[in-house]
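Okay, structure first, notes after.
Labels run A, B and C following the written order; every chain starts at residue 1.
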Amino acid sequence: MQVELLAKLRSVNPVVMNISNFVTVQDVANGINAIGASPIMSEEIKEAAEMVQMSAAVVLNLGAFTDEALGHIRQTGLLANQLHKPLIVDPVAVGAVAYRKQTVADLFNVFHPDIIRGNAGEIAALADVAWQSKGVDAGEGHADPVAIVKKAAQKYQTIIVMTGETDYISDGKQVVTVENNTPLFQLHVGSGDMLSSIIGAFAGVTSDYFEAAQTAAVVFAVAGEQVADQLPTELPGTFAIKLLDQLHLVTPETVAAKGRIKQLEMD
Amino acid sequence: MQVELLAKLRSVNPVVMNISNFVTVQDVANGINAIGASPIMSEEIKEAAEMVQMSAAVVLNLGAFTDEALGHIRQTGLLANQLHKPLIVDPVAVGAVAYRKQTVADLFNVFHPDIIRGNAGEIAALADVAWQSKGVDAGEGHADPVAIVKKAAQKYQTIIVMTGETDYISDGKQVVTVENNTPLFQLHVGSGDMLSSIIGAFAGVTSDYFEAAQTAAVVFAVAGEQVADQLPTELPGTFAIKLLDQLHLVTPETVAAKGRIKQLEMD
Amino acid sequence: MQVELLAKLRSVNPVVMNISNFVTVQDVANGINAIGASPIMSEEIKEAAEMVQMSAAVVLNLGAFTDEALGHIRQTGLLANQLHKPLIVDPVAVGAVAYRKQTVADLFNVFHPDIIRGNAGEIAALADVAWQSKGVDAGEGHADPVAIVKKAAQKYQTIIVMTGETDYISDGKQVVTVENNTPLFQLHVGSGDMLSSIIGAFAGVTSDYFEAAQTAAVVFAVAGEQVADQLPTELPGTFAIKLLDQLHLVTPETVAAKGRIKQLEMD
């Protein structure tokens, strides 16, 4: 983790382009804004080249795409690769819906994601590991999370961020865990979508995407934990609002002090 | 009302599929989550069969559809019928816009809704009772609400939930009223949409849709009333957030104690 | 400014039709509701004539349109002109994306906007004044804001509302400034979209659009300032919620007392 990336992000204010999930798009835009970046969303392929060009990072959320939107998604991913913009992909429900898994496989033949963020059900599906996903939720499985993230990272030659009670982040060789968490993330729809776009904001200010992914995960988890600590009980509505507040307020010092991140020893 | 359905819902955590209104979709997803179910949204017909199959209930919100989306709506409704999943329809603004009324009539020739939820203007329009709707709001009319819900329920052979200052719920024979309410529901766009999807969550854990509809209406109204009681004045923004909190916190005991539900005597 | 328009708006409860930006649509709908009007959104051209007919004002937000949606936007704008409904246009990111600038130019050949609201980057682009926009944000420039709004208003024969630290409002002859503001408007995505639709609500209750624009700008800025004054620090999530509360609570008396509006002397 490079906690100074948070200060850099706020100083640079990178533009983050999103092809977004219509369910959570407003929350995601506000999250990008709150952390200190500048969101831009688009649904029109004719402006894709201009949009990617002006952006520091591109985030493709595959949470609710239509067949018709796939052309736009494909082109935007390809442009991100060609223009060397970090490309983050959030493969929502890819573990629960075969159509989505096939679509993502097809997309990954067209462009290369620099970072993929998903829950255990989604990452296990990408890694072809047995897992019982439940709709957009992680579901249940017994496979070793460390093995899953490594396998997925190796298969796609990318950085994997697998979020859950513990987050696992891997570049295919190393695996880092983040243990900050609150169950309230699960109770608020779109927490994961927001993190994916915030990863984009961090990747927009460094060329080390593994560090960007780790730092984003820790900053996000620490902010959520801070909010949860202030609540008298589980308040999912209040949590969502105060999370935006805290993303704006959280300091590098707090993240450094409270972040529970460690690098696992590998054989 | 079967208040124990609330505990069952939270234990089962049913997946509720929604073809949603883009205006209120995030709020609806969060409401489904807060009550204890799991939302999934889709706009793509190619995944409709998988989506319906994995869901315990299907909710079609007709709040902002395009002509192009109608194929998806039609297919999803039909699949819900064929796979015996409870199908809830929210016919937004059907009283104000002739195009929407015609479209809903066409849809109801294709599939059969198990439950319809709307405001007085919408249900009156479905029942062919004179009423002056106003945009997405209920508007004004002088017809007897009991007669309207019974007529609509009989015409469509379905359960009707007509929400307003008092909610009227009918299966075409019996009529039940729920008198819990707060004017803040009106001040927050999408309260009705959220209730429609929460009715889906309840219908996903029982085969008695009339009981599901009643229980959902009481739980929702009691939660809203509890929030309103805590506010110093009419605060529509704060209400929306605390409603999500309260949907998560409200207990069967509170609903049993505070619910003002009664079955009307019929001739 | 005619502060009594606020009371009139609340008494009339005008229906405001919006072709909206999917990123911020829920927030905008809630803002329209909170101020005392009634929002209706649509994406389907077949209902455009009915929708425009039933509405007191029409707002076209060009924040995330697709090529396919342009037919609907074009037709709705034209209908608003033909039916003499005030037409408000929000040209999002027109300064940052050449495709959007060209599209808006094409649209303005089809219909005439009665009021345009944008940030400095957007209005400068419309006025063909040099400016460095940044995505959806205003960006930076050195041109005289008074000259920009006058030039844009004259070029399009319309009312311009250019929002920022100071708002500048012009009919091409006179220029009025509103100095109420809070940096929190910038931290919440969609503040500008919400103001555009609230301008529509005011324009729906008077034929003097210049007064409508001024009054909406002052009411909105005073409400935001009131919320910011109550916050202990910059809380972007909390601000967005309390802004909805305050739009509902703010009184004509408060606006009259706190509004810092002045008419500039022109040569």
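The rule is simple: a residue touches a chain if its C-beta (ideal position, glycine included) is under 8 Å from a C-beta of that chain, and two chains touch if they have at least 3 such contacts.
Since the model is a prediction, treat every value here as computed from it, not as a measurement.
Participant: Answer with same or different: of all residue numbers used at the interface between chain B and chain C, are over half used by both copies?
Facilitator: Mostly different residues.
Participant: Specify the angle of rotation obtained when superposing chain A on chain C by their C-alpha atoms, rounded to a multiple of 5 degrees.
Facilitator: 120
Participant: What whole-Å value do you get for the distance between chain B and chain C if each is reduced to the mean of its CA atoms?
Facilitator: The separation of the two C-alpha centroids amounts to 33 Å.
Participant: In chain C, what residues contact two or more other chains?
Facilitator: 22, 25-26, 240-241
Participant: So in the complex, the part of chain B that touches chain A is made up of which residues?
Facilitator: Chain B residues touching chain A: 13, 15, 20, 22, 25-26, 29-30, 33-34, 38-47, 50-51, 54-55, 240-245, 248-249.
Participant: Can you list the chain C residues touching chain A in their complex?
Facilitator: 22-27, 64-67, 93, 96-100, 134-137, 187-190, 233-238, 240-241
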